[in-house]
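Two complexes come next, and they have one chain in common, subunit A, joined by subunit B in the first and subunit C in the second.
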Partner chain A sequence: MAVSAATAADATAGTGEHAPRARRGGRRRTALTFWGFVGPFLIGLLVFTIIPVGWSAYLSFFDATNTVSPTPEDFVGFGNYTAMLTDPAFQDSLVTFTVFAAFIVPVTFAFSLGLALMLNRVRFMRAFFRSVFFLPFACSYVVAALVWKMSIFNGVRYGLANTVLDLFGVDEIAWLFRPDPPWFWLVIVSLRLWIQVGFYMILFIAALQQIPQHLYEAAYVDGAKPGRQTFWHITLPQLRATSVAVLMLILIAAYQAFDEFLLLVGTMPSARPPLVYLYQTSLGMQQELGTGSAGALILALLIAIVTLLQGKFLGFGNSEDR
Partner chain B sequence: MVAFKRNNSSQQTFAKLAMNRRRMLALGGLAAGAGALSACGGNTGRGSGDGVNLSQWYHQYGEAGTQQAAEKYAAAYKDATVTINWIPGDYDTALSSGLLAEKEGDYPDVFEGHLNRAMVESEQIIPLDDILADVLDDYTPDDLARNTIDGKIYGVRMIDDPQFLYYRPSLLEAKGITPPATFDELMAAAAELTTGDVKGLFLGNDDSATKLFQPIVFSAGETLLTDANEIGFTKETVLAGAMQVKELHDSSSLLVGAPTEAWDPSSIIQNLCAIQWCGLWALPQIIEAHGDDINVIPVPGFNGGTPTVFNGGWDTFVNAKSANIDEAKAFVKWLWIDNEEFILDWNLSYGFHIPPRLSMRGSAEQLQSGPAAEAVRISEEYGWAENPNWTPKMETAVDDMMNHIVLEGADPDAEFDAAAATIQGELDSIFG
Partner chain C sequence: MTTETKRPAPVGRRRGPSSGGTVNFLALSVLAVLFLIPFYLILRNALSTDAEITAPGWMWFPVSPAWENIEKLFTDPSVPMARALLNSALVAILTTLGTLFLCATAGYGLARIPYRHANKVFYIVLATLMIPGAITFVPSFVMVSSLGWISDLRGLVIPTLFNGFVAFLCRQYFLSFPRELEEAARVDGLGYWGSFWRIVIPNSGNFLAAIAVITFVGSWNSFLWPLVIGRSPDSWTVQVALSTFLTAQTVSLSQLFLAALVAMLPLLFVFLFLQRFLVQGVAQTGLKG
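== the complex of A and B ==
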């Protein structure tokens, strides 16, 4: 937007004595357009993200129980950080998350790519299939979690999953609330896949359609066979930029896992991701906003580091020079 | 269907989260999310006050008619205009942020909740000794103790809600079982009563292990914290009890994964279980479903200990930030101390609760026969109350310990030591 406005201003620049004024007017218009578009987002970002993050950083150095404006004598230095880092429950929550991410990231990636490849080949009712798989993305985690919990995976005999098992003579299973065997992972993972896969699938479909057809044709001329060969040597490398972005998005989404965990397995320590633990620490009755803020910043730092590393190793943003 | 009244003085975060979820279920999810966000859809009970406005916060009670009743009481008050905030969803979180608010109208002047020491230390509430002075001997010592910190009383008891086990006498008789008196008998009965369609016992979905910690302690005649604020329970007691709880969980006689939590009587109403942990509030609903075929017993004693009943309930407080503290106190006194008609209405007309004012209990006809009378009796005989010095962090520590031992088979010794260390750390930081 800014660029095209600037070009328009340049175009008028060579037309004689009015040029300077026109240029000034153009610049002002450019600036106005720029702030008109960016301003509202910036204000939102400032009010709902940057100020709270800053405040949270401030709180993290205080014993801020039941208050968001601690007094100087509440200052505890890095006490909250050491408390959080040595808290076994917080450590456990990081382990829980790691297990979850190690599973959900590759599986979501594989499922969405697989679906995209299949849909890309479908010759009829394409729009229908695309919508069908994308629709769950519009569903809130809360609603889906309640459906999963109360209807599909409830532990009583008339739950959907248990009814199906009953047909095969299998006893009912308490899907949630019991860590051994950890069936709750099945519930959580299936829910997340159901909601997320469609979205990443759309990203992949868009990327697939960008791959120039002549690459495949050239490969066929050279004797390549459709299928695995072209997939590994043409499709996948061409999807690199999208794949890296998708991997990052999936990983960040995994870090942010909260709703379904809280709703499905809220109190089970073996299935408590960091955000649920921080919620328990800093909100509700406990109200330890200082330690909670410290934990949140530790988590933010972790996400940033992992994302940077991932970007570095997978080469996010430098796909052009390859 | 009242929100789960597992009000250990320091309502621990887990319970709170569970409550959050439970209330959400009751609401059907989305509405709860929106409700927790808004937390302010006010309905005004118009009084003809002289310009004084009071905001009164309730959590969402599940029984039909409760909200209308609260509005009716507010409208009947003549000395101020009282606005009711009826808060669905996560009440504790909404309340906590409400108590941080600085602007009149954003915070409650009067609110219900459960006392914990942090509220006093952060000066969120004020002592109510003066309005209670004349009626102190009309409350049970437990109801005063749970509202007292360092000798000052901060909360006025609104309702007493004992929690115990409901059972179906016909199902027990069919198997020739007498109501279990010990935890071993309870396990045996649960196993015996479990059939293809009905599980023997329902304690809750995610808190079936954690909620038994305090019964184990009180059953042995021990306590959470001593009067000198030291740890009041022994490793021997806790581990012996925890192992029994583990044995129960390893059996297949527990109902797990019921659509509703144990605060809701649906499981026993729908014949999903023969025995269920629930509270007095649910009795009218259960009687409607099962008629005479229902009775109550305390939670049986562990390892030769006595039976126990957790006496939960709700208290009302005055916000220290209120611009109208005196008016708020006058309103609390009018409604929850003096107003026999409304107190009895609130305690008996919707779900059942025991009126906290001892002198009013005689008028509670609904509680004088059948299972209700038995519930009152066991509550008086075996009941214990929460301790406001027991912090949410302490509760989290013992809950994690119970879950680790019972559900995950972790080393009990190490788990106990870890929990005890966390609790001691809390005690040192508060009293040390």
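== the complex of A and C ==
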């Protein structure tokens, strides 16, 4: 997303260069060659992304229950949209997402940056540590949800978390089965953190290695102390572009959170993010494809607005000229 | 991995052993142990009996590993694990090959062929990147079901191949590919197609491997799309099969963890042997995104 404007300019540079060489007869051949390369991909994009989105927009104005081709009598106008927007369950799912993002974005960011800084300093077994922190990325959310639910945060006494709490004399906690107190957030956030943190850590490590050493040297000459001072005045400002990108990526990934919510707390209505809600509406027992489509489009619009605001707020301009 | 030998030691590091360095090392070690606990639990539980898992006292590792769990898992008729593994392997391999082929050719065409409307086509691709990936599952389901590809390998694979983001990455990569190499090929009488296959692709091994590994991992671990499309047990991938055992009440715990171990093994091998490409792929896909 962040890339779009940055590449607009070099698109012209990339294709225009040979243009004077193309002769009149060659032009048609160039077009044919181009479509030979790009055509199959573009057709697929049309059939599996562009047309479905349009079709879905059409369906969102119909009562399309269990059908993908509704009859004109099923036309409901903006009915699905008002139904969706006034549905308390949909509103709840937006609140759930906001709470989730408020936890996961700062925690993942701080944790991955911290790990990258620690790895950058360590002298022994650096490759080993990096592999260990990155390894959970090989684990699917389904497998992780299984371990989190059945072993670590199992609500009975043989669960790992309860075994550890027992050592300190704390009673068993039903982690996942009660919305109040909301212990399930600890389960959900720790799971996603475990899987993702290594991914963002690698991005930060790559960025840390790009920082020119002479900046630090100059700072020491000027009397700066290594540690806090150089971190706030050199490291962090130099990581700005990567930090913006990482924040965006964490947030975009959070919008798409589905697997762990469905498997861990899918039956708890107060802990349903929008995607799980949409899935259960449009593909559950009743296939309410009309309302589901309306919900998907509302969500897409909300994401677009937030992304634009975030871009303004964090200042894309700066990351673009890299 | 190799970077520490090439780069001068960061000045921020103190010379000689210091307490700060030791604390840092110890903290990393503690974190590493915490990060490995879930893997340990999978292995321990997969090789235990159900009675051992639920026993009140903590058990570090089963005294006599229950190897018979493996046979039980693959012979249990209610759990189509072998079929699910086969489906996952087919889906991941076909998705990787298909994505690579379609996105590399499209990326090269967009980067190099001086067609008048190439820019417009590129903007269409960019526009689709703006549509948040996960919310298209409702519209895509509509399309796939009207094609009759529900519970079908075609439905699992084909709609996921046209990845605008990968095509974009390929285009950026080919833009930076040394032009002189291609021009030499042009002098030798090769057209675009010839120089793409004989010059560009053979010289892009690292880039393509990084994209391939990332695509493979993503496809093997994906859950939402296979769940939406795989409605009959024959078409379940490993992740979908695992999720149904997880929500079923009757399944045995040790089998569940063994199934999780089996689902994870292929990717652990990828991590062991191809980590270099994976790290490179992460750096590529992340930093440009």
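Assume the second predicted complex is superposed on the first by the 269 of 322 C-alpha atoms of A that agree within 3 Å, B and C clash if a C-alpha of one lies under 4 Å from a C-alpha of the other, contacts with A are read in each partner's own complex, and residues count from 1 in each chain.
Keep in mind that, in the parts below, a residue touches a chain if its C-beta (ideal position, glycine included) is under 8 Å from a C-beta of that chain, and two chains touch if they have at least 3 such contacts.
This one's a predicted model, so the numbers in the text were calculated from it and none came from an experiment.
A.B. asks: Just checking: does A:V38 make contact with subunit B only, subunit C only, both, or neither of them? Give me first, second, both or neither.
C.D. replies: A:V38: touches subunit C, not subunit B.
A.B. asks: Check whether A:M150 is in contact with subunit B, with subunit C, with both or with neither, and answer first, second, both or neither.
C.D. replies: A:M150 contacts both subunit B and subunit C.
A.B. asks: More residues of subunit A are touched by which chain, subunit B or subunit C?
C.D. replies: After superposing on chain A, more of subunit A is contacted by C.
A.B. asks: Going by the contact rule set out at the top, does A:Q286 touch subunit B (first), subunit C (second), both, or neither?
C.D. replies: first
A.B. asks: Look at A:S140 in the shared chain and tell me whether it touches subunit B only, subunit C only, both, or neither; answer first, second, both or neither.
C.D. replies: Once the two structures are laid over each other on A, A:S140 reaches both partners.
A.B. asks: Contacts for A:W194 in the overlay, against subunit B (first) and subunit C (second): which applies, first, second, both or neither?
C.D. replies: Only subunit C is touched by A:W194; subunit B is not.
A.B. asks: Report for A:A174: first if it touches subunit B alone, second if subunit C alone, otherwise both or neither.
C.D. replies: first
A.B. asks: A:T65 contacts which: subunit B (first), subunit C (second), both, neither?
C.D. replies: first
A.B. asks: Based on the superposed arrangement, let me know which partner A:A127 touches: subunit B (first), subunit C (second), both, or neither?
C.D. replies: Second partner only, subunit C.
A.B. asks: Just checking: does A:M268 make contact with subunit B only, subunit C only, both, or neither of them? Give me first, second, both or neither.
C.D. replies: first
A.B. asks: Following superposition on chain A, which residues of subunit A contact subunit B and also contact subunit C?
C.D. replies: 68, 140, 142-143, 146, 150, 156-157, 262-263, 279, 283
A.B. asks: For the complex, give me every residue of subunit C touching subunit A.
C.D. replies: Interface residues on the subunit C side: 1, 3-4, 7-8, 10-14, 21, 24-25, 27-28, 31-32, 35-39, 41-42, 45, 53-56, 58, 102-103, 105-106, 108-116, 118-119, 121-122, 124-126, 128-143, 145-146, 158-159, 161-162, 164, 167-168, 172, 175, 191-193, 196, 217, 220-224, 228, 239, 242-243, 246-247, 253, 256-257, 260, 263-264, 267-268, 270-271, 275, 278-279, 282-283, 286-289.
A.B. asks: Looking at the complex, which residues from subunit A come into contact with subunit B?
C.D. replies: The touching residues are 65-68, 88-89, 140, 142-143, 146, 150, 153-157, 159, 174-180, 262-263, 265-270, 276, 279-281, 283-288.
A.B. asks: Over in the complex, which subunit A residues touch subunit C? Could you list them?
C.D. replies: Checking each residue of subunit A against subunit C gives 1-4, 7, 10-12, 14-19, 21-22, 27, 30-31, 33-34, 36-38, 40-42, 44-45, 47-53, 55-56, 59, 68-69, 115, 118-124, 126-152, 156-158, 160, 163, 194, 199-200, 202-203, 206-207, 209, 213, 216-217, 220, 226-227, 230, 242, 245-246, 248-249, 252, 255-256, 258-259, 262-263, 275, 278-279, 282-283, 289, 292-293, 295-296, 299-300, 303-304.
A.B. asks: In their complex, what parts of subunit B are in touch with subunit A?
C.D. replies: 10-14, 16-18, 20-21, 24-25, 28-30, 33, 90, 92-93, 96, 99-100, 114, 116, 118-119, 121-122, 124, 196-197, 205-208, 210, 255-259, 272, 391-393, 396, 399-400, 403-404, 407-409, 418
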